[in-house]
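Please find the structures below.
In the two complexes that follow, chain A is the common piece, with chain B as its partner first and chain C second.
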Partner chain A sequence: MSDAASLTTAPVPQASNAATAQPETMSWDSRSRRMVVLWLPLACFVIILLFPFYWMAITAFKPNAELYDYKTYNPFLIGSPTLAHIRLLLFETSYPRWLTTTMTVAVASTFLSLFASTLAAYAIQRLRFRGSQYVGLAIYLAYLVPPSILFIPLATMVFQLGLFDTPFALILTYPTFLIPFCTWLLIGYFKSIPYELEECALIDGATRVQILTKITLPLAVPGLISAGIFSFTLSWNEFIYALAFIQSSEKKTVPVAILTELVTGDVYQWGALMAGSLLGSLPVAIFYSFFVDYYVSSLTGAVKE
Partner chain B sequence: MAIITRRRALQLGAAGATALAAAERAAAQSRIPAADVPAPNLPIESGATLRMLRPVRFVQPDEEVFRANAAKFTQATGVQVRIDFVGWEDINQQTAVTANTGAGPDLIMGFSDAPHIYADKLIEVTDIAEYLGRKYGGWLPLARKYGIRHGTQNWIGLPFGASSGPLVYRKSAMTEVGFQRAPDDHAGFLDLCRKLKAANKPAGFALGNAVGDGNGFANWLVWSHGGYLVDEDGKVAINSRETVAALNYLRELYPTFVPGTIAWGDISNNRAYSASECWLTANGVSLYFSLKNDPATRPIAEDSEHQLLPKGVLTQHPMSGLTLNAMVFRHSRFPNAARAFLAFMMEAEQYDPWLIANLGYWAQPLAAYKDSAVWTSDPKVAIFRDSMNNEFWNGYKGPISEASGQANAEYVMVQMCASVASGQATPEAAAREAERRARRIFRR
Partner chain C sequence: MATVSIREARKSFGTFEVLHGVSVEIEDAEFVVLVGPSGCGKSTLLRMLAGLENITAGEIAIGGRVVNNVAPKDRDIAMVFQNYALYPHMTVRDNMGFSMKLAGAPREIMEAEVQKAAAILGLGELLHRYPRQLSGGQRQRVAMGRAIVRHPQVFLFDEPLSNLDAKLRVQMRSEIKELHQRLQVTTVYVTHDQIEAMTMADKIVVMNHGNIEQAGPPLELYDRPANLFVAGFIGSPAMNLIKGAPGQGGFMTEGGALLPLPASANGSAGIYGIRPEHMRLAPGDGIPATVQLVEPTGSETQVTVRIGDTPLACAFRERVAARPGDEIRIMPDTGLVHLFDAGTGQRVN
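== the complex of A and B ==
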């Protein structure tokens, strides 16, 4: 429908009666237009995003016979749900332990990365020392080196430090890709915080550390949360370092351990694998849901001058 | 707990002990002939401990009996042994890290060509291999190929077993189209597949990038026509009259397959066969057991039979096997303990119960174990007994090397076949392209 047509057909809002008015629709807007330009694309988007979760969920509760036979059973529905896969995952593997290890590693490496990135980003953005721009660029270039190239040199260092096959091997190597990412994210965020605020604090006699802790960081909380969510998710899902640096079964993280435990040769325990992936994605989803407002605000703009 | 100490060995977990006891009871029925050969003198280093990585089990008793056997070694020698299991797809990365950093486990049980790729990082195991060979009737051909370094008589790997991928088919479908078994000649096999297709019970073989099934089928196709990737000296020989004949044959065979086989991975034929969408394929014994263990699919298992891949123009069945191949790294501080451990695990008292616990998933590398009770436990798995008694390997007929491993990993043979099956290339063009790729890989 054209704008001209909608202008003629759209009802005129009753300004005098706010309770019965339709404040969401502008005069040029209409229900059908909103359906086409808003709800339909949104529905497609939601379906595409949520379908993997739906597939994971139904696979986790489907008996094997239904999983394999698409002719007899509708692949999108469950005929007779079963908890057998969840039972296998939780009681016949060390899944709870893997989950704890993954959580520990993800939380520790996230905090470590945030701490280092905050200092790095602040120094690069605010101290403006000679060559700070190049340092920023160098940190970013480090992020571009793929882990598949880095894992063997890093393994040598991990061995020499005596960290092989310990959670510290991951806690200390994950920041190699988390710090560059977080630093760049925070550089951008710090840039959006007015410099005048810091100048005022300087005039009042605040030190650099006081400015950072009392002025900049409280204003940068959305940016920190955004970087934290990214770091946590990347650490949670990381595969190749966890595979290369951890060899003991009981110290593995969820992404590696479920493959080791639930894929035997060419036999995949699909139900339990999907249950493991579903349960493994829940902490990230919960973590995300708590901070989604901060996250959005960090992406849409920071402090207004 | 993975570290096996003396105390741990004495307090062996109930599950492991039960599995071992069951396997040992069955092993008592085996009559493994053993020659009286003196064991090599391997004085175990003081304070030795060992750490081993191996691929994850097929079946739970595999792990339990393997650990219990390691505990017996600890009891006998006082050497603590820690064994970790890693996913099949992940063992190569773990081996690469271990070999390149010069630290980590003392022993890794990798797959097939792994010792040949890291030969310079390994300790030879010739002494224990020769001892075991003399004691247990000699090493089977595939074991010798994967164990001995090319051009020498030195053993760099100690094969523990292999799993092959013969034909697996539904007996009822075969009977319905007038066959008792799959013919050994190409024309007969094509006729069978056409009739199965006409009966709406089609065959299906992986033509996608499937490590086991894809390479297995492509290798069979070329080998059974007399072709091969490289000759005995490692010179690329894929662009041959035999290869073109094989690809022409594929052009006729492929339309009889269930749709979608060009995208098949290793697990696809398992799913299609379990859902009765495909009635003839090639797979390891895992498919049979996964069908047998699920009450919903047990009737399919009962209707299934195994048969070696058709010979084609050859006199032998052209098929190889995925081989468990143990290696001892140079960085190990306890090389004697490591070799003593491997020899101990291959002795009949340990190896036969382990073989039995594996139900036929792995087949022995030493001739004497053909008399193991596992091969009479289920008539449908007996065919896997000779998995290592064949003369074909990945990279046939050339030396096993990093290049042959790379050609396998890059699916040179599989993609050559897939390009013809999909109609993207003529047999001649596909063979030329495979030759170009192989030359690049084998140039070093």
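== the complex of A and C ==
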């Protein structure tokens, strides 16, 4: 009895060994493969993308002695951190003022652009008036004209309208490059919203404006968000118009101001410069991280029912 | 509740005319089905009725009022779309109440109406859900609920069942019909499925290439199709349509078979039509035919035979033991033979 039992059970441990051994090697295989195809490239991306932030951060907190002597001090580390650069930036320059100006300009031009491009995109995509295709094309072509060409005629207009050296010069000129892109992004997004929904609303008794506000826009929220992020980021970082249309040092935007105000002659105040860049890029990064899912989905996907 | 009159309605997209003067009279509380193959203009006609397409020429009247220039919302109609067109960002309750909300109805009345419609359709449990959380059949019901809430004079359905699976389609078909019997609202229903048309309609309008081929009660279309198109379109399995000419005391097919003619036949018939279910087995005096294919469905047996070179589909109530290659004797029911002119396609008997 026991013999027979041992005979039948004997192969079992072997079999179970073989059975467990195989998945283990497989899982090791897949783990190492994941390491090579996923984590390694991802790590490279992360390092490359985050290195500027790291550099900005350590430069902002490094005393000048360490900053200018990379032979004695390791350039990648901070010996004795200091808030001197931050103090210089916040209390001895108009940095807080620049930040609020930049914020105001970015928010105002974003809302202005979203409002205009929503109406434009809806009209081109849904109302299909005579020549709507050509209007769409013309708006796109406007986007292709580089700002470095446009700023000269725009400067004349800004000056004649008496807007020179005011935030309005930027709030009203940024939409010239924001509206075309947003319009095209929203046309694509509106296209993905089934037309029957609007026809149904039309039968339900909605007017065109009600259809836009109660049906189309709520469904286009991801599209609006990504257009908003795009506009906000571009307005925040814009350089050439801000450089050309604003003269007084306290009215400048962050990207222009840190370059023009923190570089005195040929002296680069690296610590304050980097502190300014870091503080200036944080709002965009935070804003972006909140909505990145919408941004991706609106560029790649469509409305899900 | 209202009558609908469509008089000589025409529709052109640019220079291309898709409806060539269509006239339909729809009685109060009637269930009318517009049926036809894709691109025949049936959906366009429905959309013209709804006000979603303008009317190029002719007239459409709802309840005696010409609505050519009336906006969709003022036509007092409700429409159910093929893909349901539920608002994805609204709950079932908000979807159903949307039209009343736009009309500025008080909240309590709105809620009462929504509850009433939900009770009719068995949606009571689902009012707080979003369309994406519903199955196809439930979405279909919400779309109907949205129509019911409005108490329209006319219901319009645009292929409402074509996105459902076969079983659900049969179920929803009877639900829609029951709903119509209960509410007694004039209904115009578009489909390309002739079985839907046959089972649901009080009156079928068969359309093809922007024209009406025939309009009438389902059984009239089945029993006396006015032309070849209707004969081939209505009925499943489809009617046998055999080319040939009268002669030698019967109808001589091109394949060389002689089929008996009804008494009402005249000399101009070029096409002989007989439905598969109107063929019977006639072991003694029948026409000899070679069995090609036997398809038992349980309730009947569908047999494809050849008489000479002429293929013929038959459906027998009896179980047929024949195998391919066997010879059986069959006979058409001469009283139920349809004869058509080969040139015009019109019925001649």
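Simple rule for what comes next: the second predicted complex is superposed on the first by the 275 of 305 C-alpha atoms of A that agree within 3 Å, B and C clash if a C-alpha of one lies under 4 Å from a C-alpha of the other, contacts with A are read in each partner's own complex, and residues count from 1 in each chain.
Note that in this section a residue touches a chain if its C-beta (ideal position, glycine included) is under 8 Å from a C-beta of that chain, and two chains touch if they have at least 3 such contacts.
Predicted model, so just to flag it, every value in this text is computed and none were measured.
J.: Does the chain A-based superposition show chain B and chain C clashing or fitting?
T.: Chain B and chain C fit side by side in the superposed model.
J.: Which partner does A:Q210 contact after superposing on A: first (chain B), second (chain C), both, neither?
T.: A:Q210: touches chain C, not chain B.
J.: Regarding the shared-chain residue A:E199, is it in contact with chain B (first), chain C (second), both, or neither?
T.: second
J.: State whether A:Q133 touches chain B only (first), chain C only (second), both chains, or neither.
T.: Neither partner.
J.: If we overlay the two complexes on their shared chain A, which of chain B and chain C does A:D266 touch? Say first, second, both or neither.
T.: first
J.: Tell me the contact category for A:L243 with respect to chain B and chain C: first, second, both or neither.
T.: After superposing on A, A:L243 lies in contact with chain B but is clear of chain C.
J.: With the two complexes superposed on chain A, say which partner A:F159 touches: chain B (first), chain C (second), both, or neither.
T.: In the superposition, A:F159 contacts chain B only.
J.: Does chain B (first) or chain C (second) touch A:S32, or do both, or does neither?
T.: Neither partner.
J.: Touching A:S80, do we find chain B (first), chain C (second), both, or neither?
T.: A:S80 sits against neither chain B nor chain C.
J.: Working from the superposed arrangement, determine the closest approach of chain B to chain C, counting only CA atoms, in whole Å.
T.: In the combined three-chain model, chain B comes within 50 Å of chain C at the C-alpha level.
J.: Residue numbers of chain A touching chain C in their complex, please.
T.: Residues of chain A touching chain C: 194, 196-197, 199-206, 210, 215, 218-219, 303-305.
J.: Would you pull the chain A residues touching chain B in the complex into a rising list?
T.: Residues 63-65, 68-71, 151-152, 155-156, 159, 164, 240, 243-245, 247-250, 256, 259-261, 263-268 of chain A touch chain B in their complex.
J.: Mind listing the chain C positions that touch chain A in their complex?
T.: Against chain A, the touching part of chain C is residues 50-52, 71-73, 77-79, 81-83, 85-89, 98-99, 102-103, 131-132, 146, 150.
J.: Which residues of chain B touch chain A in their complex?
T.: Touching chain A from chain B are residues 2, 53, 56-59, 84-90, 93-94, 96-97, 100-101, 103-105, 163, 212-213, 266-267, 270-271, 274-277, 283-284, 286-287, 290, 294, 296-297, 361.
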